[in-house]
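Just passing along the structure, written as structure tokens.
Think of it as A, B, C and D in the order they're written, each chain with its own count starting at 1.
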């Protein structure tokens, strides 16, 4: 009671002093959380919320992960601050650790450059590519998301993120993503022969197709920014050979591939990097989010040696006060160590399969559940009309809101459910559970989703 | 010995795996620090370095500040992670605290919007201004520095930061800063009647002067980005009425004033915000760095209500995963509490005066010391030729390097000295000591600087 | 002999004093012409060249057209010069004449604005659209050509025209043109159901498809620049309902249609404007070239009243010294009068049919002749490999060159032949004969083309 | 009477069908002229208007100049049309003639590239500079005018020409022009020691001054666009050594000088090119207007060999249908021939002196006449308040309007007077009489101006 009063006061202050310009007010009624642990957030009344999204995949190792929290605590005791102009052990070891991982994942040598915040790492990658190519134009995907700085918004597909802000000088050319469940070209995977790839290739057929100077062989575009599995776009998994075929074209025309692993890196997809599933090597890779298990905004890029060697990207090329801040590097280093554990990789893949199976069971029950797929613990579920294909945003929103309103029962206790809505039609639940999600928690997720679908879709059941 | 071996190995890994593109390799030989405390950094051999720069003013409250470290440790135990889509108490209270401080400092109501990293806060301010004005052109200062993303580089004066990266679509119009020691117009303060202001005003005299459509009264420029005291530019303090006069012109032509307090905010200058010294109110204020005493890259902007109210800057205007991360907001909130202590303000101003007096004593000894001024604990010293005016970059570098090489004696113990070089001619020591610097440490600084000037300037002494 | 010597001297001066940056040196050996008349150019030796291209359709009424030449001569005698700040009769009457024609052609009221040179008229249209929409992004066609100023190059598909010149801030989004002979999507007209239109429409399906802010309904693109029949692109005629379907989409999203009639206007296609064939009304129409029958670079735009009324496009919106120069307006006015003659329209369509039939006869003879189509007197012929589809640029070039080398016999006299090569693969002859081409001249064309195809394609004949 | 009726009808059509977006409606009541001859325009009633502006210097050789008209008439009879892809004698000879003149004027070898319209020649020069430097930023002058295409508007100072049209990606940095009568810096010529030049030079002093990367020596700016005497800016003549000093700085930092001679070329200033007065050589020179004595929009650029040789500016670099149209080249060639006559040069300078003396006589009579200066036949007169310095736009407009209203008596006949208003404060008469203006016409000008000043400035006479 007293607590609730405190909450009212807080919400009052929020309404007066906080910008609404971030995403907190996407919710009709913003929620205040007070505690977190493992797979759960807790509100001021102590009600637990099962979190199937984990801060958009920034807290892969679970809330308050003991190992990572410990190193951060230790860092506070010996070197919590140090200017980026000077070196500290954790920075170097983290660069080495990621670079070595890249050699393992992609057999390519390179270096790591840190910054903070995903957009700034993207901006650094843009600068690196602009420097090495002398060009400023990029390909990127429809449905792609790379951040909200001016530069990152130029390669992020939604015009909504550009419209209010005037002129964008380097708006990317946005290529349809291989979203086979809703193929841009109306084809069906299996019979399509990667028609989408041939459409991309066609751009290079004559100079009149606008991207290639056929006289010099120069392409107008410096790089292709991809997410290996689209994040905000709805956790869409491309068909197996898609990137291999695309990369061949890019290599032919000397267009770099920049792999944005902000959401999908660090084992979210069951491999260290999302791109490892597709048999191609990135030229630049951008990472962040889960690197510190959410304890610090440390982000960065890796680039292959020829792009980032000291002569190509010399001292002072870019800078940010906190670019290799020790509170971040120490957390990152511990996360890297945790991820070396092969049993964890197995666990992720096994839990992912269980989770998808659970959802497919649900799908058999509700006609409104369209596509259900997953890769590692990056899982998607499209909420549709009864036809199983027409996007149903209203139902999606209702389920999402009801989850946040809590009151879902499990073993006599009340719970909330934290989902995330994404996708081209805002009808996809994009789920990123903790790597340590338990079987019981998966069961709980089933129960809650079943309850919510049931509540808003009376008499829509499929026949058994 | 064993330790040193570890260091060699680390430096070897650094050379192989770390990008050189940040500023670590500005130094001929990068240094690794291992510990920090109060005003000191410690290298691997345990040698203390008196730090007169404190991470470019990001660690105002001293390394390992107990109060701030404590709240961070506590946060780890209850809510170290929470998606920015949801609220948490510390975020709200920090917004309220800063907004209330703005009302105290400038009698203006407004709201706070967070991000991480200074450049991203600058990018948010650019977006906010672009949205409200529909314009993309800005005034900024020669010598100004606002960050290294594409957008921030457009309003940062150095072409060196743009040259390798191709086209910049909104390069600011850079106005000479009132750097009276080296007046851009060759005048002398006292007799100049703020000629620099009248030169700025002249731009609006006729449409042919390029910035004003005299038929509609519309100016081509949306805002003027300032640092109240230039940071990277060399801790230059403008004359007392400069900003008052400039603001009058800006208000007349509806050009917003964006005050970048990244380095100078949070009492660095002896007042909460640097701009408070000059009798003008900002329309937007950008802050970061010392907000968390260097423990987290949290940054943000405050804008007056009409610019940032929910209808003007609605939900989703911008976003960053870590924008109000709890590890940052908790540190920020504690820093705000520490800064409420009026004895601290007194201490800063008193120590600042002692420090400047100490440097002036040095100046009387060495002809090579040109301008010495300070405001609060933001202190500058220009290293010149014997004439006391011609910039002497070589000597500056030598002293800086020698400080880092250590071996300076104080009470029988060896020390290093951490300085920072800035200024238009890279001949200014820009000093930002800990707010808790002791008299003994100021004495130590005197001894070390005396030793270094003496070492590199034989027979240059002034006559007593 | 003496003459030839003169020619050598001239070519020597050309090599020393003339920029090669225009298109004269596209030819291996530039040719000097000395006289012209009707359908013929004459070189220094008096050899006539049958011109099937008429200065890319700028001299529709034949070289040295008596009526147009006469008014120009008269203008020299009374008002050859007058500043565009002042009015003269011919300017007004020409505006009125074109505006009335627009009402006849499209039942729309509007006004005319002059400039000189096609690109400058295009730039004026860009300014007009930018002013009324506040946007700077455009759709344009792959294969489209709108000029070579910086602004016009941004909406012209070939990257070759941008590559050497650095950054282009408003590169259009280039949409595949309905080039059914070589369908971009690999479909066949008849069975395709205008798949290309549905692909364009798909861009507006969700905000993630990058062009529409679905929350506000605002499109990122202000206008679609089209050529009703592509000119440089190869005189490609779109299928009948294409533009009707496209315009419906544009209208829905408030995107303006700018119709570039530089090459196809003034009856080239058998109707006054090319777009009249397709049942849609332009919002803006840009014209030039044949307006003066090649005697003056006068160009201009027509816009519908709401876009160009004085309050929308007020005095001083744009300006060019020669924008309504009297030598141009007088020629334009006479051309408009000549074109009112309905027998001319009939003649164009009848000659066009004969010409196409003649080419189809040739096509039956040579397997290397692919697509042959025409609309009015805008006629195309694709030179292919024996398969009738693979572009054969080498053969095209040989025939083109041989035509210019002359020596083609007709009734015992030697002739040259002036063709023009265009198309996505530089294998299309784009033919634009004089409106007064005679049957004998069409016969002559047949003979020459037969001779040239025969010369370079031994044994390639089709079976009769 | 019947005639007037025709005029009313014409004005009615003008109001319905003509865009107001050009400059015809700068006048309250647009005027229709019907005839022209020598120094005179004639309205529909046959009233002559003494023209002191000659189409902003486009008709230097007088209206209906017999020699130029004759060659145009001849051209109609032999080769009035020829595609620019082919050569014709007049084009080559005109290139040679201008190039040879450049060698005479500036001892520099180079080539000529044609286009039509001043802005398009400027766009070509921008492309040429962008190609050779790889840069897109330019210096230009406050008060400078280079045209109204998007690219030309970026280097033209007035924001009024940009404001309605959205974003301009390459807005020039506008440098104060040496307008000594109203010195930007408040100095006085004689005692100023070219302070304006040292201010320009100061930009290069440190990287913080925003234009130079001092590490690489690279300047952000590719070229400086100048008018040797500002045209629209008010026929302002720079002090003698100004350009020499500026060019030295430009050469040092490898910044090209582009000399826009659109208004001042072809002997307007008493030398062939305006820049010849100032002892410096241009790298690129742009010309137009008077080249054809107003009979054709032919324009062009000359560039020194290293910038424009075929390998630097290869075939197809730019293109315009009418770029070397024969009606223009033939007129240009004859103008060049007329201008070789040395007695004409003498005549221009002698008439210029007489004209300025006449105005100075007037100045002695009217306090409202401020600055009166001239160079060749480019003459300026500032209309001021009685203090002789405060700009008096109202009086300027009244005199201008009254001149156009006619009714001025000379030898019992009624006349009108055509002036032109320019200058930073729209208070300067910028006069460009015919090169063949007679002494009687100068006397007539005196009488008319005396009458008009007298009419609107009662009792303002100076004491004799």
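Following the convention adopted for this analysis, a residue touches a chain if its C-beta (ideal position, glycine included) is under 8 Å from a C-beta of that chain, and two chains touch if they have at least 3 such contacts.
Please read all numbers here as calculations on a predicted model, not as lab measurements.
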Farthest chain (mean CA position) relative to chain A: D
Repeat of the A-C interface, chosen from B-C, A-D or B-D (over half of contact pairs identical by residue number): B-D
Pair sharing more residue contacts (C-beta pairs) when A-B is set against B-D: A-B
Rounded Å distance between chain B and chain D, as computed from the means of their C-alpha atoms: 49
Separation of chain A from chain B, taking each centre as the mean of its C-alpha atoms, in whole Å: 33
Contacts with two or more other chains, residues of chain D listed in rising order: 134, 136, 160, 166-167, 169
Chain D partner contacts - residues on chain C that touch it in the complex: 10-11, 13-14, 16-27, 30-36, 41, 53, 55-56, 58-59, 63-64, 69, 72-73, 76-89, 91-93, 95-96, 98-100, 111-120, 123-124, 126-128, 130-131, 134-136, 147-151, 160, 164-167, 169-170, 288-289, 293-297, 303, 308, 310, 313-325, 327-328
Residue numbers on chain D that touch chain A, as the complex places them: 134, 166-167, 169
Parts of chain D lying in touch with chain B, wherever the complex brings them together: 136-137, 142-143, 157-160, 162-163, 167, 169, 171, 173-174, 176, 184-186, 198-199, 202, 205-216, 218-220, 233, 424-425
